[in-house]
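For reference, chains read A, B, C, D, E and F in written order, and residue numbers begin at 1 within each chain.
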Amino acid sequence: MRVLLINPNITDSVSALIRAEAQRSASPGTEVDVLTAPFGVAYIETRFEALLGAYATAQLAAEHAANYDAVVVAAFGDPGLAALREVLPVPVTGLTEAALASAHLLGHRISIIAISQRIQAWYREVVESYGFSSRLASIRALDRPLASIGGVQDEHAQALQDLAERAVAEDGADVIILAGAPLAGLARSLHGRLPVPVVDGVSSAVRHAETLAALKPGRARQGSFSRPPAKPHRGLPDAIARLLDSPR
Amino acid sequence: MRVLLINPNITDSVSALIRAEAQRSASPGTEVDVLTAPFGVAYIETRFEALLGAYATAQLAAEHAANYDAVVVAAFGDPGLAALREVLPVPVTGLTEAALASAHLLGHRISIIAISQRIQAWYREVVESYGFSSRLASIRALDRPLASIGGVQDEHAQALQDLAERAVAEDGADVIILAGAPLAGLARSLHGRLPVPVVDGVSSAVRHAETLAALKPGRARQGSFSRPPAKPHRGLPDAIARLLDSPR
Amino acid sequence: MRVLLINPNITDSVSALIRAEAQRSASPGTEVDVLTAPFGVAYIETRFEALLGAYATAQLAAEHAANYDAVVVAAFGDPGLAALREVLPVPVTGLTEAALASAHLLGHRISIIAISQRIQAWYREVVESYGFSSRLASIRALDRPLASIGGVQDEHAQALQDLAERAVAEDGADVIILAGAPLAGLARSLHGRLPVPVVDGVSSAVRHAETLAALKPGRARQGSFSRPPAKPHRGLPDAIARLLDSPR
Amino acid sequence: MRVLLINPNITDSVSALIRAEAQRSASPGTEVDVLTAPFGVAYIETRFEALLGAYATAQLAAEHAANYDAVVVAAFGDPGLAALREVLPVPVTGLTEAALASAHLLGHRISIIAISQRIQAWYREVVESYGFSSRLASIRALDRPLASIGGVQDEHAQALQDLAERAVAEDGADVIILAGAPLAGLARSLHGRLPVPVVDGVSSAVRHAETLAALKPGRARQGSFSRPPAKPHRGLPDAIARLLDSPR
Amino acid sequence: MRVLLINPNITDSVSALIRAEAQRSASPGTEVDVLTAPFGVAYIETRFEALLGAYATAQLAAEHAANYDAVVVAAFGDPGLAALREVLPVPVTGLTEAALASAHLLGHRISIIAISQRIQAWYREVVESYGFSSRLASIRALDRPLASIGGVQDEHAQALQDLAERAVAEDGADVIILAGAPLAGLARSLHGRLPVPVVDGVSSAVRHAETLAALKPGRARQGSFSRPPAKPHRGLPDAIARLLDSPR
Amino acid sequence: MRVLLINPNITDSVSALIRAEAQRSASPGTEVDVLTAPFGVAYIETRFEALLGAYATAQLAAEHAANYDAVVVAAFGDPGLAALREVLPVPVTGLTEAALASAHLLGHRISIIAISQRIQAWYREVVESYGFSSRLASIRALDRPLASIGGVQDEHAQALQDLAERAVAEDGADVIILAGAPLAGLARSLHGRLPVPVVDGVSSAVRHAETLAALKPGRARQGSFSRPPAKPHRGLPDAIARLLDSPR
């Protein structure tokens, strides 16, 4: 089985973190690849940055998805995920969606630990759009400058652990999600140090992608995730144009 | 006052409908311009098509917004609206957001009349994302093929009126929104023929844009609609790069 | 165009504030009048006081609405607004409804700054009745005695600004509403001093009333905002009786 | 124990129905009185009619409540109830609130059977304002003209029973509320003929009023149902003015 | 009239508190009995403990309900209540359900004061399952060890009162519920010392049980609270088996 | 890896269906065992039957869980699941929870196809308790007698497929869950015949159980899913008593 993870940001060091955790998490026999957005921003904190990342992800996915059994949008916030589910020929998930699925299986109230204050509003809107508001205990975030986006989890491990502990003690969290591709792998290294189960987006996404590919639930031929109706288009990147024109 | 309307689709005949209704609705002294997306699809019915339209809109807005007092995303569904609100130097609204604001002032339960079955899921998710679910009486849509997207309102006027009447009688609608730029102006021609107030996205958006420009509520310097924090980027269209790099 | 604002309270100094801000906000060619309730309380903080104000407003509106193009219930909390929408021959809005419509166009999460602790529960229930709970970041209020209701905004300008800043910093507000007719005009004088857009009820209501009068969305002949079915009545003030008996 | 029921409408025949059912329902030793609004409409179907009924109820309650152990607003929709709870010296409830409390003890999903199509929107908003939306299976209503408001339950008994049966079979109702003072007593006569428990507003209100008077939960001296803060007022009916001025 | 209260826990001293408050609250002519679970835990704080208590309650109810006019599940959290409502031949309520019904009649926002930190999550889920989330101002709980479960209200009276006062001042509570059978009677002794009305589960449940028995709303013969469809079973306690097999 | 599935019902033919689908779905190297409740009913349709099944499941789980890497409550509705999560030493999931997690990854709106009319209310309440109401498009169910519970999917395959198709066409479902252990395996045989992805509870639960066991998210030592606080108990089955007394 082959799983493609697409980093919607341009930062190679984050792609390396994603790759490492994906490989640690994958089942035997699963091959994981990671692609990095060719254009965009260093990391996504806002709706506008997500708009840019969604478009870059769409281009990469359109070009490469056919060679894989499943695709993962490898940024928390899942830029472009629902859109891609309409057009890709294989199952697709994202870090937020997958982490919420895992957390849902581990407890009732979920807290998300994030890397910046600004990122919280975007995360909250994504969680709400998935209908998970009533499960969300809190979002807590670092409030200090990040020396390097790829080094956040090393630099701020203790602060992130403190945020998680406060989410349990003060917000009633039953489960913690360590959010954002830059934190990929941190759940693994904090194992046993947090008072509640802890979930990581990358490992959850890889495992759930494998499950979807294995269970073969079928593609949508009707409903809101079936292919968009055929219609004229103009000026789109080749891979996207081919995807829209591919036989139904 | 100058208001820019951006059609996120590539269809000039729809831009013409938008322009005509915008001119009819604008206050004396307001100048309206309409730009058409240079790439994308003929009309937006799905999340993926909205992703494409959002990116095209972002490019046009980044390039032109500084010359206007307000910007309107001129497709129902408002592709890219919340993202653009973070970065544009002037107020921005969209057809759905503006139509909901008008409808909110006219009654409690709101029905949306749309041009295709497929478009309903996307519309519903947008309305939900604005927190208007409890105000939504129903979405009803045409279920027949459209001969031409620019001619929908002429071809299907009676069917659209019938849908509106059923929304009032069966769904408890207090207000009707005729949704989608291809229906721009239809509210005006149906005036007096519907049993409840009827709202049009384009005229609402133009008027609300004028109000925002006139009241000068101030720009966000903090909070989730302030400018994205400065960070490295790469490979973006020039106008977008300049917008991200402009002095804070 | 003529817009009538009805102050549901008996305090002339508040009517003067309303009049001044309404005149500053109105479009060229719009004439605004303000009427003050002939009976009631000095200002409305509770449900019972709103019941009194609603009845006074209904009497004034029944008597005078026919001479205007639109009516505004000029107290935050909108006493009697939905009721009046059923019977008045012209569009009607209120300070809360109009401020929420404006705020909805400027950001996602909205905080309301109010003049007394007690007033918060009533405001919250009104916001909830409009279906805006999920957009409400917080209500924050002064916790000190008011020397005079007409002088609140002068006396407590800094405290009100502080509340707004805390709503942004601690509650995640994207937009601020300065609530209550006694604060009419304060948004204008705080312009540029708050970190997010700030909305005023009076100016929003005047502008939205103009928009409704201009767009002519039509009256409800069916649905829950059409005229109440004809039925016997007894002992009502003349203007209200005439309104109920007017031809359908 | 003495319980006062106030009919917010002007129709004596409905007051007679209320009185009869209240006497049948009251515990031994409880004396019930019914007062009829001196002004208003024949029956309340809309928000505006409720505004009128609320004011009439407030006047009667202000004048008479001190002579009773509890007060009941005896119209479904409870015009003025929350307002009166702030100022009356004794417990107060209403037909909707009390019927919902009873229904809540008998099943999960509740359907309301009403006497007119128009009345449904107002009922729905009241149920929503009490936070009971998730418990509401449906509102179903007669769709025929009423020969006399006091004779509805005789004239339409079978049609009302049919509506209740459809609510169970099609809407998943676990409990039925027969809504509106004109249906007072019908639950009693339909006993054994409906497939689920059936609740009546008048009998529920009388019993719950007795319970509140017996359990003596205490008056609100703080919070949003404590007395409105003292402030100037003008031109109010004497009984209301005395209530506002009574020592705290 | 005879009302049976079942203590789902094994602690006799709590049963004694329940009995004393039930007798104080019952109307003249009502006889109350209290049974204590023959197996289970000392008091219920968690979902698993509630599962055990629900089964014990079901056995006692199946054996004894036929001799009573109504049954009360006498633990806050109501273990097994909805299940028992399907099978018992008489009305049944529980302390949480009954306390919420009372509180709903006394104010809008309700706070629950509880005896342990751990118990809060379970209480919250029960309140949510009843659809009362929007009415819940807060749950506040003791955070100290309990010397004896039967002596909590004596030992911690002041701390419980302090929690209630903070719920009013900080959480906006209009009504307080003192939660848990170990606090039975405390509302009575705190009478007059709290700034808002205070509700007790046992007295509410006894009174509401009397009301249900008196009003005779009828049993569910259809809908989700009618008897479970007949089907094979095996190995169940005799009383439960008889209940399932009793003629429909 | 060893996964234990517990059938909370007494029907061996359903256990056989569960076992067969579990074995087909398990990853290489995973061993699955199925245990059947020693007491209870033939299949669970109601809250009371779920109460019985929960207790039987608790006994089996207490006795056997320590020999497995994960446990599955193998009835749709998940009787006892949240309770068991507090006490079992290994991860535990249930058919509903797991099916919802899978469906969440495949589309937005989810319909559940069930085997009896009566079962729907219980299913709906479970879905609501998981916070998934906004994702639920509909529950549709067979309305005919079942010749044998183990043969439902053979006997009624076409009717079940018809229900699924109507859920897509009329309710806007993006994903279908075939609900109930008696339908285990049907998703597999309907593969390719439904217009949207289709999810099965047993295969989802086995796969998600494997994922939880593999990712090792950690046990709850705090929060609402940590072990219940130690306290006296009496009369409990040995395995449950040992579980409560096991060292923390």
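The rule we apply is simple: a contact is a pair of C-beta atoms (placed from the backbone, for glycine too) under 8 Å apart; a residue touches a chain by one contact, two chains touch by 3 or more.
From a predicted model like this one, the values you see are computed outputs, not experimental measurements.
Determine the set of chains touching subunit A that also touch subunit F.
Looking at subunit F and subunit A together, the chains touching each of them are B, E.
Match interface A-F to one of B-D, D-F or D-E, accepting only the pair for which over half of the contact pairs are the same residue numbers.
Selected pair, repeating A-F: D-E.
Per the centroid of Cα atoms for each chain, what is the distance between subunit A and subunit B, given in Å?
Here the centre of subunit B sits 29 Å away from the centre of subunit A.
Between subunit A and subunit D, what's the gap in Å when you average each chain's C-alpha atoms?
Computed from C-alpha means, the inter-chain centre distance equals 52 Å.
How big is the gap, in whole Å, between where the Cα atoms of subunit A centre and where those of subunit E centre?
That pair's centroid distance is 44 Å.
Pull out every residue in subunit D that's touching 2 or more other chains.
If we look for residues of subunit D contacting two or more partner chains, we find 82, 85, 108-109, 120-121, 125, 128, 133-134, 172, 174, 223-224.
Which label fits the chain touch graph of this model best, line, ring, star, complete or other?
Per interface graph, the chains form some other shape.
Every pair of chains that touch: which are they?
Chain-chain contacts present: A-B, A-C, A-E, A-F, B-C, B-D, B-F, C-D, C-E, D-E, D-F, E-F.
Note which residues of subunit B are touching subunit C in the complex, please.
It is residues 25, 27, 82, 85, 91, 93, 97-98, 100-102, 104-109, 130-135, 168-169, 172-175, 187, 191-192, 194-200, 203-204, 207-208, 211-212, 214-226 of subunit B that touch subunit C.
Could you pull out which subunit B residues touch subunit D in their complex?
Residue list for subunit B touching subunit D: 108-109, 134, 172, 174.
Considering only the defined contacts, which subunit B positions touch subunit F in the complex?
120-121, 125, 128
Give every residue of subunit A touching subunit B within the complex, in rising order.
10, 38-43, 45-52, 54-55, 58, 80, 82-87, 116, 118, 120-122, 125, 128-129, 223-224, 228-229, 231-236, 240, 244
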